[in-house]
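Letters are used for the chains, namely A, B, C and D, taken in the order the chains are written, and counting of residues starts over at 1 for each.
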Amino acid sequence: MARTELVALILAGGQGSRLGVLTKYLAKPAVPFGSRYRIIDFPLSNCSNSGIETVGVLTQYRPLALNTYVGNGSPWDLDRNKGGTYILPPYQKTGHSDWYKGTANAIFQNIEFVDDWDPRYVLILSGDHVYKMDYARMLDTHIQKEADATLAVLEVPWHETSRFGIMTTDKQGRITAFEEKPEQATSNLASMGVYIFDWAVLRQALIDDEQDAASDHDFGKNVIPKMLRAGRRLQAHRFRGYWKEVGTIGSLWEANMDLLDRPQDINLRDRDWRIYSRNPVKPAHFVAASARVSNSAMTDGCRIYGTVEHSVLFNSVTVEAGAVVRDCILMPGVTVASGAVLNKCIVSFSTVIGSDVRAGADVPGHNRYTDHHYLSDGITVFERGLKIRDGAVIPGNCMVTYTEADDIIETRFRV
Amino acid sequence: MARTELVALILAGGQGSRLGVLTKYLAKPAVPFGSRYRIIDFPLSNCSNSGIETVGVLTQYRPLALNTYVGNGSPWDLDRNKGGTYILPPYQKTGHSDWYKGTANAIFQNIEFVDDWDPRYVLILSGDHVYKMDYARMLDTHIQKEADATLAVLEVPWHETSRFGIMTTDKQGRITAFEEKPEQATSNLASMGVYIFDWAVLRQALIDDEQDAASDHDFGKNVIPKMLRAGRRLQAHRFRGYWKEVGTIGSLWEANMDLLDRPQDINLRDRDWRIYSRNPVKPAHFVAASARVSNSAMTDGCRIYGTVEHSVLFNSVTVEAGAVVRDCILMPGVTVASGAVLNKCIVSFSTVIGSDVRAGADVPGHNRYTDHHYLSDGITVFERGLKIRDGAVIPGNCMVTYTEADDIIETRFRV
Amino acid sequence: MFLNAMGLILADHNRIQLSDLSRPRALAAIPFAGRYRIIDFMLSNMVNSGITSVGVIAMHKYKSLMDHLGTGSSWDLDRKNKGLSLLPPFIYSDNDGGEADSLSGLLDFIRMHRRRYVIIANSNVVFNATFHDLVKQHQANEADISVLYNRDGMAYGAPSAILSTDRKGWVKDVLFNPPKPPSRKNTIGVMVIERERLMDLVHEDVARGNYDFSIDSLIRRHDELKILAVEYKGVLLRINSIETYFSSTMALFDEAIRQDLFWSGLPVYTKIKDEAPARYGVENQVENSLISDGCLIQGTVINSLLFRGVTVAKHAVVENSIVMQDSYVSEGVTLEQVILDKNCFIRPGIKLVGQKEFPVVIGKGAVV
Amino acid sequence: MFLNAMGLILADHNRIQLSDLSRPRALAAIPFAGRYRIIDFMLSNMVNSGITSVGVIAMHKYKSLMDHLGTGSSWDLDRKNKGLSLLPPFIYSDNDGGEADSLSGLLDFIRMHRRRYVIIANSNVVFNATFHDLVKQHQANEADISVLYNRDGMAYGAPSAILSTDRKGWVKDVLFNPPKPPSRKNTIGVMVIERERLMDLVHEDVARGNYDFSIDSLIRRHDELKILAVEYKGVLLRINSIETYFSSTMALFDEAIRQDLFWSGLPVYTKIKDEAPARYGVENQVENSLISDGCLIQGTVINSLLFRGVTVAKHAVVENSIVMQDSYVSEGVTLEQVILDKNCFIRPGIKLVGQKEFPVVIGKGAVV
């Protein structure tokens, strides 16, 4: 059989617990983003546009939504006979069974899958980053520099270096030092979590790492530093463009607002690098005579009778007459009833905001829902499927869920 | 969204340990059968031919081969936008994670998947039965009889009743009694493991069964008998045709030989009910001037220079000049070198039988490999990827594996 | 639910021309309602009825139709056994026959796909429904042919086929574009017939040297055949002319009509385009309008329909107009009662004003 | 690996007719080697080279080709952006133009698919290779056009295009079917050219009123263009006539030829048929033959090729023959040097005997 040159593996297993109720029923890569998309559309579309045809998606936590969303890969043109999209959950072997223990262990457990394709290179991606990148050019760098591993890097602000894997390179871009989340960084070149490896090299590194009882089996913490110590040739591939890790409520909100405030940075209208997605079949959206829409993005099936300002609306959202939505993210199927006013809210699937509800950053009052672990920037988040009673008042910094139900909330979903 | 009338769920999770080395690397439904097929092709093709468009395949043990084989479902025309094929492994939920504990528990763990489709009916199938059946006619019975559950049944020989779920019915086919593997059967109507349920009824039954600490969470043992006791309307749907459970080495061998000896019983040439499969791209098979082929089935990519009698050959098998293959099943990529003589052997993927090897039922000698738990009918089974040294002598009733390697065997696969 | 029927859509209608919109494409391929081509509604009705084999008969101007239909995957008709077949006469030029070839595509299709019934439909009507009721009535009454009609009468002008029926619904007479219609029962160009029966009728036609095949020509045979008239009571738009194309579009701003066509629970499928979401600028005014993905709106849009990827620049005003895919309306432009076809570019400051009955139509790719 | 090129296959060749095999189908669609159509080899070469956009230009008799190619999924060409396009002139009848229309399909295809190179190939050659080396040499030498040739000379008869080249491989002259060939360098009907360049050349042709497009006509311009000749050294079969069709089939019984065509590691894709495995009866004799899936063999088959689904009944003898899909050879039949097209039925006891140079050809669907 003809050999596959490169296999891409997307790490999509994490729960993304910092996204709170948004990931209660689905894995982080399946979280809606940017009016029409899920986060995983970005790595999948990048693969497709880069000419990659074999993609494994490693799942573990709540894979159903992701599994159904990715399906046969056809929206991304990844429904190939030779190649295609494969969902890779952990599985039972004779005598033993393990959940994925870390990013490196997840790949280790799928060595057989990769071996089946017999690739020269593997590309490791994260399922929760928003960016447009041509991996074919990164592979060119990898081949040209005869590297064992190539890491995509970008400059980050110095004050953020402690959140990233930071590396130092020589003039040719060869990596001379790598520190995971350093207290005191000596460089501001951060790893984007995008790696190309020679499969033979990585395969052995994974087997070795698996033997190491002290390892967390993580690429950034263990595998990459070990390779560097072993004198492997590690290359940096410089990325200049929009890149955002959407790991917290705050960064998810910001990244959505970036589409309105900095539309050129991650240009979704670029027809040479389309971002593909799977979408329900809905008619064009309707804006009524009573509506006022400004500085916003929306998509098919929306019906707007009220006011929408500086917000991102997903498909089939209804905003009734007299309702006001500002600085919000409304996910598919949300209804905002007449007279309700929302400020800086993220409302998950199909939640109904009752008439005259007031919610969000500008609402004073006792905060019955705050969970300081998650929220600190004034955003109010609603779980999916809630019905918020008419006239309810919900302040900022809230994570509104059914389990914390009190007099103002009921749920429409069977729990 | 338009409602899905029926969702089919194929239980494909079992290891099939009675198939020994044949299921060491793949789940039973992925075992090759009948020259061009895998066992799971039969339920999948039946679904496709019955007009069913949404199929979940519940996997657990070694799902990779099955996952890759089923892929996007396109060989069975099950790569639908609405509907399609879904691989359903166990997964991690917030706070807890379970492997499938029994057939009923496996469906229980996928209630969310089924609910997503909002079907009126579900069809539960096994991944390891060989038969052709129109499930649409069974659904007609179910609807017409206003049943809560309908079980496909067939008559089995009286002496085999203790291997099956046996039921008694009244004149209208309503089930009045059900016994799982009875010692003393009062009927010879056996359950084929093909069930149609009203989803609402099954959903509740599964939730109740899950609470029952004493239950094995098995359809035949627990769920069906409980439904019957609860006075649910259980209907039998009579099946008359070829049906075979391929659970042991002996029955796998027999079912393959049935294709040669009783070709009309499960007519593979029937163009109104094709059995679809995924096959590698190989040229037409070649039969040389030195070859002698009789009473056999073979497919693309085979190259025959020797003698093949009463055997089933899968794709890309080579039988060299002077080799003799009788009553054998040779799986994809097997080579039988010159002068080798095989009798009643099953040889798994890519194994190479060296020159002048003698193996099988008619070979006398000390049996170094017998595992009486598996073998008693003279068949010799070779694990995948072995190289059998020239001149080796291997008697019947053997299960030849690499782990029992001695002077005559080496393996070609990385273990 | 599965329906034991196959579908046949007639992509052209020799009595319907839509000015410049018809020039580059078949009637069935004319863009409608922002994301769709007219044929999408009938195709979706068939798919939603559980039909999995559809033939589309096209006489000429296939390219747009071929591009739009592609492999059929958008309608889930990319099946192993050819779910969607384009049946232009050309593909039968393999045979040496003469005129009969124009029907041989049809005959081949009917022969290959063995379903009990054939649903035949014209391409000038827009509605959202399944055919289960039609087939059920057809069976119950043991009709030869059953045709759908509604009570539009002559409201949409020609072409029309006005039915006279007896009390049981059997067709007794049919009048085409009558000056004095005997009833308001106007056929809507959808019928069901048994496959075997259809095959016989077409063979008969060919034997008689009659190579014309249309729903009208079949209904005309009400003397020899038992033809049942079945009423359709839902929302239905007929596209018989530029005027009715325009008024049918404007009807979409009616909440009830939109509800029936798009939100009844039966999806209307169309080709997937992967556009960006629509984006609204800081300054803009949009009222009573339907806007598709990929639009960028910085000006004013009132009572108008924008197809995918349209740009309305600052200080531009689009009113009572239809702007098709990827057209660009520059700064300061005014459009009133205008239909812009795909890929038009309207230069800054241009003003185009039509009348409700005579909208200005700008052909595909024009630079104005 | 991905190749920045698109493919263009010319499905017809106006100087090649294959008797009754050509009657119902284009040259490219003629069945070959048991499971394939001739075009499968070139399509697979393109796909195996990493090409993801292929246009097939067909002039007439499209039906077989359309049925065979389907959505393109068998070659993994069922892509979002139209991996496989059939480009008959008909689909451009949307425009009003005259003769130039016959090239507009080609021009549209080249315009739409933006790849750097175009690989153009005829449909009368069978080989198994990628085009990486051809493109590499083309780039290294900065040629305008690079053509593949081998040293077959006139061995396969007409049509031939014999090259004279200088020492660096530049084409200095080309002779078509010369009585006295100046060399054994015969083009094999495969070339590479830059997309932009091709577009210019075709536009130029149209401007000059020249609507003929072929590889030969491009090579003829060796005076104005830098044309590089690149040798192909692998196994290659040319199908120029019934005689060479027959001899090329018989060549498949040569182990080395089969090895090069089918077992080099590059798969030859074809339409999937889901036949049953081939089954051999208790009594039968098969020697030196290629047998496809779905065959049922109870008689004798020697030095022959059976396509899919063929039945050879008891006491029938098939020798030095080619039997195509679903044909039925009844009891007691004898076939020697015969080509049976698809769906033939040979009645019990019939005897047909041809000669090696003049095999008996029985057309599609015949009952003998």
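Quick note on the criterion: contacts are C-beta pairs under 8 Å (C-beta built on N, C-alpha and C of every residue); 3 or more make two chains touch, one makes a residue touch a chain.
Predicted model, so just to flag it, every value in this text is computed and none were measured.
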Longest centre-to-centre distance from subunit B, chain (CA-based): C
Between B-C and A-C, the pair joined by more C-beta contacts: A-C
Distance from the mean Cα position of subunit D to that of subunit B, given in whole angstrom: 40
Rounded Å distance between subunit B and subunit C, as computed from the means of their C-alpha atoms: 47
Shared-contact residues (touching 2 or more other chains) in subunit D: 73, 80, 267, 274
Multi-partner residues of subunit B (at least 2 other chains): 1, 74, 81, 276, 280
Of all residues in subunit D, those that touch subunit A in their complex: 1-2, 48, 73-74, 76, 79-81, 265-267
Subunit C-touching residues of subunit A, taken from the complex the two chains share: 34-36, 74-75, 260, 263, 268-269, 274-277, 279-289, 291, 293-300, 312
Subunit B contact footprint on subunit A (complex, rising order): 1, 15, 24, 59-64, 67-68, 71-74, 79, 81, 84-94, 97, 99, 112-113, 115-116, 280, 414
Subunit B to subunit C touching residues, read off their complex: 1-2, 5, 51, 77, 80-83, 136, 276
Residues of subunit C that touch subunit A when the two form their complex: 33-35, 73, 258, 261-262, 267-270, 272, 274-284, 286-294, 296, 305-306
